[in-house]
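Next, two complexes with chain A in common: one pairs it with chain B, the other with chain C.
== the complex of A and B ==
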């Protein structure tokens, strides 16, 4: 091998090793969760959108499913389950704002970036921020609500409480008390007695989230995202807001319990498995004839 | 022990190791084939036989070789282009896969700036192993009726023209002497066909199997690979094994030119005059590639170890390996778009001697290997709807490879490394997702010939192409593009007639109108 070739090979190998080393540092899993939906997905996007530009990008990226008129009736809609969002209703699942209110711009940007798991909505993370802002501004032209209403005030998420066995057990009681199992199933598999009959706001069948799939959530990945989901609800779906029923730290209890249903390594699941090894017999089963432990 | 030195410009026999696929879209080769008989009268000393470790030449001793031999050998190598191969238009190389659009319900434009060129989202999709990562990637999540197959073919009308082609002075009379003519041909034609199947076998296990044909439906494996994606839940670790396109940031497989002259990047397939290196950076290669990317694919790298056979399983050059390195970084350019820069290096080696059996080389027994490399940088810049694709390559072939000499014998007098610089600037104007205008200017300049007394400009190429593609409809089931293109290439080659100087300029051009469709 010539000297020049050797030199190029050495430089290239060094560069690759550097990248991989850097990447490995970046690759440490957080609580064993999937990498998607973390960090960059919720970075603020302060670009000013341009609806006229956004229209062209919408045609390129979105109209096939959401339709040229934003009514969720693109040419692919007939093949898609769940159905694409109807922007003319300005009803959005993933919000930081109370149920029934418009989401913030950042809420929609976050959805564009992380997509929606188990749907055909991909992660548009590679699109530059300006393009995402342009798309957002155009999406907002489909409903007059964006002219007559303002986004709701984001729900405040308190600091997370420590993960303890007691917190998980309290969360389990809430899972029973608020009848989460009716849709999500006694083991969180999304197979509760009501699951088969659920429909969305357009009378389309809809499936409850299966916690045992181990995937990210529809609206995020972190514990705070999960807390936010049952405080804001998923508008347009049977998943209601529990903001009037669940107060402060109770929300974290439920989050901690739901984490134990996922087949991924989390502090909650580690703690819970340890506790179950010696206390499983103390638990009453979740379901219609059960109550607290 | 008997050795045979394989020097690839075997002018006396008309043989060459230069892959015919390099010639698929170079009409000058088709035309130059006409002059084979004339040059055969002045064979270069290219095939040398070794007996008992003593070098002997089949024609002339190596020391007697000179620059004239080298570039006449170069000309001879050009002559061996097969006319039929020249009709295999590059459309067969270009990739766009509506099977993915069908699977995910996305329009072509979601992944392509103008298909088949990928945009930043399409690049990320490809980097993820043809996955959207929405937990619906595995085939078990798809309807049983879904079969990931795509067919692409391009009916067309084209005009080909080449200057200074050697013909019999009197048609039909081989003894009438030779003259140069400008040859023009035109007519309706077909491209080859791509038969694609690609997708996922399971979550994070993806595959590609691509059968490509010429316009007579003679198929070969253009690409076959299996890729393990996101090893250890880490997008920086993906392993691909098989035959695949090098991780070229500007892909010749997904570009917007189809004509005979414009349908290849000259820089990707250039060989220095007289060199025995059978490598094109645009050719699919056999090997294993480790690659990785950030979540949005703005940062990308790849390292590949490849067999030294230019992706040709029938080659003798097994048992030695090349390496390819790529790195690129993209930036959010705000209102301009996504801007990307990158660098690459390919370091290869080729044997110059083989064990033989009955005089034929035995595959995998190559020895006395010598190196070559290609390195450069590349960009993809957006200025709103205007896209610029600059590309630069520096090539170097070791003196033994450049001179076509076995490394178990001394170099001929005056022999040295061959090196050159090449590159292009391609521009796209994306008026909207359904209409794009393209142009490309390309140049290759020899900076050092294999022999000091060879003409400095021998082998230089200038090329220019422009065209447009209109997509009358765009949805997730199929694609159609109405394609128009003109391309012009000037090649500096060796003088062919006694009255000519050491070099002449040969101009070739293509005019193409095509219906490029896939389903």
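== the complex of A and C ==
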């Protein structure tokens, strides 16, 4: 191996390590969850973006995957899965706004900062706020929708209700009633009867979230993020919006139940384990034969 | 008896007029859509994963992408005025799309841009309605049993594939058009577009597998012009 080749190899290894460090920087640990406000992901970014500057940043950091034209067809696209976002459709997974509406600026800033877990989209939190704002303003030039439409009105998330066994049990009934298990599986493993055939809006196969994997959600880590995810749905994917069917505090019941499916220590899982130790026999299984208690 | 007959006749006349109430006097374009070639064989749908729907069907339900009738007639074709149609407000009545026994009724729903769309769930199972719009905004909403109709409007003309991710065999189309002069053919392939004021029109036939075809027609008065379409069947 020549000196030059050795040097290239070591640079490549360093690059891989950096990417790995990036991806794991905010991993949900097995010993507790970051709660709202802890990370910098959702801190408001009040900078005014400059599309012409953003274009340069975009070409440097984003175009490799998202493509020069913002259509998600960068030179890396053929090698990666899930596929990079196609900005020309202005359809975004992580939104605070109703399904079918544009996300708020802050929604996209939050995604840039936190990245998309289990994908090739790393966290871009180290970029200065001004740079993030510039990128955002350039991303918004790819679809005419940003000129003709306004972002939707964010779904209201009420103050979280107390974590109680009753709340978890009500959430469990919702998991059955709204047929979450059809895709996410009776134990939240992402292996429900409809899971295998799922495709995203670009006809790419897609897996439902596996709650037992212990990873972060695509759109955040907190209970409020979880609430927002099923209320707004993840546009461009099979995950539908439930805001028309789940009202106010009801949503917290479902959040509390979903937390018990994860292999992480949460107030919900601790309470649930204690309750299950003496009451497991009272539960009907989730699934086609009706699982409500 | 005479009165009864005339009442019945009146009722019949009203019924006959009712569907075309939106389009008053004028010319009519009518015809039939057929295909040439060999259409793909449609497969029966296996609804075993949704028992509540499976047991509602005594005979197997077929995929509705290609529906044919006697004499090579072709169903589920949207025939509409694509150019020259008189401008007007979209119909006040909503276009309704129903989910029944895990099927879309109808398979292809034509509506005018700006017209209200109403989506109902008559099933005992949750559906998610996921119209994969590209020109209009894409959305995806859940509709558990017993929930109220979902209301929506599309502003721009587009043929939008619609699917239910939970039940992958459910797929259909919203045909959002710039006109209310449209008809989706049944398996007899027949269509009729009435109430056309004198003028030159482009009539287009669209089929989800076999593509589109356009022809021109001129209406001078209240005559009925005949315009048949022959689409080429493609295997895939």
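The rule is short, and it goes like this: the second predicted complex is superposed on the first by the 256 of 293 C-alpha atoms of A that agree within 3 Å, B and C clash if a C-alpha of one lies under 4 Å from a C-alpha of the other, contacts with A are read in each partner's own complex, and residues count from 1 in each chain.
By our rule, a residue touches a chain if its C-beta (ideal position, glycine included) is under 8 Å from a C-beta of that chain, and two chains touch if they have at least 3 such contacts.
Source: prediction; values computed, not measured.
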If touched residues of chain A are counted for chain B and for chain C, the larger one
B
Which superposed partner A:177 touches (first chain B, second chain C, both, neither):
second
If you stack the two complexes on chain A, which partner ends up touching A:279: first (chain B), second (chain C), both, or neither?
neither
Go through the superposed model and pick first if A:75 touches only chain B, second if only chain C, both, or neither.
first
Touching A:247 in the superposition: chain B (first), chain C (second), both, neither?
neither
Based on the superposed arrangement, let me know which partner A:63 touches: chain B (first), chain C (second), both, or neither?
first
Please work out whether A:150 is in contact with chain B alone, chain C alone, both, or neither, and reply first, second, both or neither.
neither
Note: overlapping chain A surface for chain B and chain C spans none
In their complex, what parts of chain A are in touch with chain C?
89-91, 98-101, 145, 149, 177-179, 182-183, 193-194, 197-198, 201, 233, 235-242, 244-245, 288
For chain A, which residues are in contact with chain B within the complex?
1-2, 4-5, 8-9, 11-13, 15-16, 19-20, 23-24, 26-27, 29, 34-36, 40, 47, 56, 59-61, 63-65, 75-76, 79-80, 115-131, 213, 215
As the complex stands, chain C meets chain A at residues 49, 51, 125-126, 128-130, 132, 134, 137-144, 147, 150, 165-168
For the chain B and chain A complex, residues of the former touching the latter
104-107, 109-110, 120-121, 123-125, 132-136, 232-237, 292, 294-299, 301, 303, 323, 325, 327, 332-335, 337-338, 345, 347, 349, 371-373, 375, 396, 398, 417, 432-433, 475-476
